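In this document, chain identifiers A, B, C, D and E correspond to the written order of the chains, with residue numbering beginning at 1 in each.
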């Protein structure tokens, strides 16, 4: 399948808009889309939503013979999976140009910056060591895959716990997760990437570009940084873009301050996850399966774009009311078989015209806690970071 | 004339037969094709069997090797089945890596194996968590004319019964394996699951042991695997629907076939020089 | 390293139990290189399988057509324990548009079944199989009237079920029979055979352990020759010689091989004749039916 | 509550989760979470093109590692099921591309994926001749039938695990797949149980669709 | 081989030329085209040679590495060939186009080097069963102007001739763990005995005659021919028919004879030239600048 081509006028609109410091989705040039991080029941499963871009990463580990060149180290293997699910022009099983680029960048950012302490993964020098494998599944491609992928990978790695091992002489005993508490990986620092789309010959840089912007931009500037404002990756790609070093520097500044917040946020959501687990009855990704109505706040373009944080909260609450998670669980949680069901089948019947009354009935005024909190969080980021960075960019670019 | 009708409207052509409760190859609806089985004819394999169900011909050859067992299942041996459909077995198959059909078949067999339905994998263990046998069972289709799974399962079972390996023992203090190739042994407790495939048509007609073109025309296939009297596998990948009554009917049919096949295998594999070890 | 995700992979570190017999292997090998003749044939000039040196194994269970009912033509032969089956498809259109040619084309695939040899073989075609496929193709191209089916392709698939020496020779015979049964126009049948050269001795149609092994015996006057011979046109379609030997010896070997082929020709032709008769009779019956 | 017999675990779904796919759904059944997407009808590759009906390409993506033979098995099961429920002959010479991504293993992945695919197809608006609901049940060591088992129950080991799929018209069996070994009577009981259970899922489909459209009105 | 299109007239012209023993480039049937050969021009390979036979351009590099010997041949080293038909030789080689040819050549190399009296692999052994030298011979076909077989073999032979194997000492330390120590002096090296390494002669049959060293044009005139590998001591180490045509036994035999004679000559001259080059050592390397 080919990707649907981008019309010239679409492209022009984007470019023109950027010239005037406007973006199609109403963000300022140095503003990110709403980011939300969720974790699965298995250790090392992390899903990242960056606006509509959705990426899931899963970490797994296995005992292998270490490389002879690095006999006292474990191994880290990063693999990006793209399928038609993410976009029509991706092909399952075959990474295209784009896929390889993403894969390589994630590797550079996470593997080559040696943020995982590999030596702690060695069990027996030259004989046995853990190979940690990160599978990154791109689920929906709405631009800026790289940032989403790295964030997901990092999140997964932070979340991951490997089974404990003890040595009995020469032979290794691997304890199942239920025998002994699993051990988390030792993470030395938290590198992330932040990408800018470069417009009008690299004079304007746009943070966290959407697919539309990516496709109409002249080039891309990817920065890998950690929370200590240290640069670990930098790549400028694109055909014939020149970018001033001031611009790069300003981008670096923006990126750095963002990175700090992102890592902060990641840590928070990790903490929340831990708390949730502590409560027991942990359902992992099930929580991130939102109800149709909730989607208006978490997903639907209309709300995310043309933002103004203040409203959003209200919007949220308003929309929140009708149906709620708790409600759902009741209305078909544990359904016993006695429930009489008269599902008359056949497509036509399924599409009975919706009765608003149904929706009204369902009203029950207790909005989902978890969700609301999540949204707030994001908004905070939206606010405080905004002024300074915008200022930064403008000052440097004009 | 008949051939023209067949090529132009295969389904109608076929339906006319079904209406008369018969089939182009002269079988009645629930009649199975003639099965022939020949065990142990391949010298280079440790165990082998050649099965023909009608035209469908499968060769199963087993190569046994030694390996340290998996960490998580130290007391189990391994059986690695692979169904191969080489380009020579049908005009519908291109040369190259195995296609969907082959892989689905492989997976089907693998599930039987992993659920200890073919044999208890623990009997393949030589020394717990040190050494065990790994049996590479390659099912090679020479002629693909429908009911692939039936023939595969049959061939695999027969080949396993025919398997003869040197007695290998593990020497504790020297920590190595010792054996002499001469004295051979077979394996005990190889079960005899039997798969019977049926095709179904929209109008609820069921036919057993379909040929390739019958499978193409039919609206769905169903493969029932039985071991003794208990169902081990009712494999029905999609296709048109079935109700309990039909399922029952098929069960009875496959029970009949099971008996026959078991007898056949017994006959084919009885005159074997090697006595099973305990 | 690319893993084959389309097949079930066994553990990498498994090894054949035959390796447990290391010592014996070495002895054998030593003996082989020391005095091969003693091993292969006793003092009374008789080979392990009771053949005299200039004797070939009989062609048996030759089954033409029917063995692969799906194919246009097919054949199965056993030469001693070397068993192989061949299926012929086409003429059909060429898959790749790029390799267009006005003449017909042959596509040959030569494959050893995983269990067909002493050592377990991989599933993908390895280098040896590729080369054998090439040789097969070149030999058959000489025999088939390619100009008879322009722009089309005939596929010849050979599968070795058990390999007990001279597989290529057997494959040539088998393939040409299959082609004939598929009624592909040919100038002549290709009959394959191979000869094993030992110092001052020639063995016709060697078995696996009589065959010349590059790893084992590489002293002088040790070689293997495989030819594909077209008896009625008296032409050589395939000629593969491996190992060291003098020109004169080669001449000898060639002579022996061709003689054998001429001997076999009537047998093979008989097999074909029967098939043709059978098919004809069937057809006439069908005629009656309609 | 999850191990409780004779009950289906909580069902949840979010339709059109993916902005690019024509139809997509994130479906959860207990702790099992599966995402499915549908693209189509698209133009088919020449070698895949079918003159009389639509070609269905189905990819099942495991969470860890590359898809292997096991996944191909699942793909075949789901694909053939789709072949039955989609009115493929309405779109000849086209292709539909369905992708299933396992997100969280709560025990019954196969059943969940089939249900997810069904919802995704509903969401995409492709013409279907009926819906399909899949239910897994498990016969444990003590010959007790556990409906819709959760991961722990599965890990404890079982005599047999069967997955059935039924159509929404006559509740006949479309798909059946089982691992392990059971006497026929038990097998039959299991089948009937699952058949009953399937009604609940159809019920859920209905509500899901209802909710989707009511939301669009709001 | 690289396909070129010839009109019937051109073919006829070449045919007649061959008949009158006067080929288009003025050669007789048994003449070679001029050969340019240089060894040791790849500084970071243990041995290398670049050979240019008219327009056929071959670069061979040999790398020497330590490895453990194969279990069935504990007291011998290994030779490993890899042929790469680069796409800038001819457009057909693009992608996987060259693979078949590469395979054929590679296999033929292996087979003709397999026999013991061409190369003594025991020379390469260091510690029986534990350590040995492995020679990785990488052949790069840069341009093909016909007769690749001959060119390749000559190049390989020269490269192996030029190969310098560092001398290594085995010091048995206390206990049973022997230590290998490489001598510090980089010039302290030994050369292989390449006297008997085979050269190949390709004979193409055109009309009733056959000729050596065919140009691409001649190659596509001829339907069949043979390649003969001849070792230094005039022994034939491998033969294989090429092309899709067939040959009459008698002509084949005579071709074999001629082949072995020519081969011996080629071998001799090559050795002489190599020696000459060796003696005028330390002269300026010419490299590709010509």
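In the analysis below, a residue touches a chain if its C-beta (ideal position, glycine included) is under 8 Å from a C-beta of that chain, and two chains touch if they have at least 3 such contacts.
Since we're looking at a predicted model, the values are computed, not measured.
Participant: Which chains, if any, touch chain A and chain D both?
Facilitator: The common neighbours do not exist; no chain touches both.
Participant: On a CA-centroid basis, which chain has its centre farthest from chain B's?
Facilitator: Max centre-to-centre separation from chain B belongs to E.
Participant: What chain pair shows the greatest number of contacts?
Facilitator: Top-ranked chain pair by contacting C-beta pairs: A-D.
Participant: Report the chain ID whose CA centroid sits closest to the centroid of the full protein CA set.
Facilitator: Centre-most chain by C-alpha means: B.
Participant: How big is the gap, in whole Å, between where the Cα atoms of chain C centre and where those of chain D centre?
Facilitator: A distance of 50 Å separates the two centres.
Participant: When the centre of a chain is set as the mean of its C-alpha atoms, what distance in Å lies between chain C and chain E?
Facilitator: The computed centroid separation for chain C versus chain E comes out at 28 Å.
Participant: Find the geometric centre of each of chain A and chain E from their Cα atoms only, then give the gap between the two centres in Å, rounded to an integer.
Facilitator: Roughly 57 Å, centre to centre.
Participant: Using the touch rule from the top of the page, what residues of chain C touch 2 or more other chains?
Facilitator: 6-8
Participant: Which two-chain combinations touch?
Facilitator: Touching chain pairs, listed by label, are A-D, B-C, B-D, C-D, C-E.
Participant: Would you tell me which residues of chain C are touching chain B in their complex?
Facilitator: On the chain C side, the touching residues are 4, 6-11, 13-18, 20-21, 67-72, 74, 81, 83, 85-87, 89, 95, 109, 111, 113-118, 120, 123-124, 155, 157-159, 161-164, 290.
Participant: Under the definition above, what is the set of chain E residues touching chain C in their complex?
Facilitator: Checking each residue of chain E against chain C gives 71-73, 100, 103-104, 106-107, 110-112, 114-118, 224, 226, 231, 235-249, 252-253, 256-257, 260.
Participant: Within the complex, which stretch of chain C touches chain D?
Facilitator: Residues 3, 5-8.
Participant: Which part of chain D faces chain C closely enough to touch in the complex?
Facilitator: 66-69, 72
Participant: Which positions of chain B touch chain D when the two form their complex?
Facilitator: 100, 103-104, 106-108, 110-111, 114-115, 117, 220, 222, 227, 229-244, 247, 251
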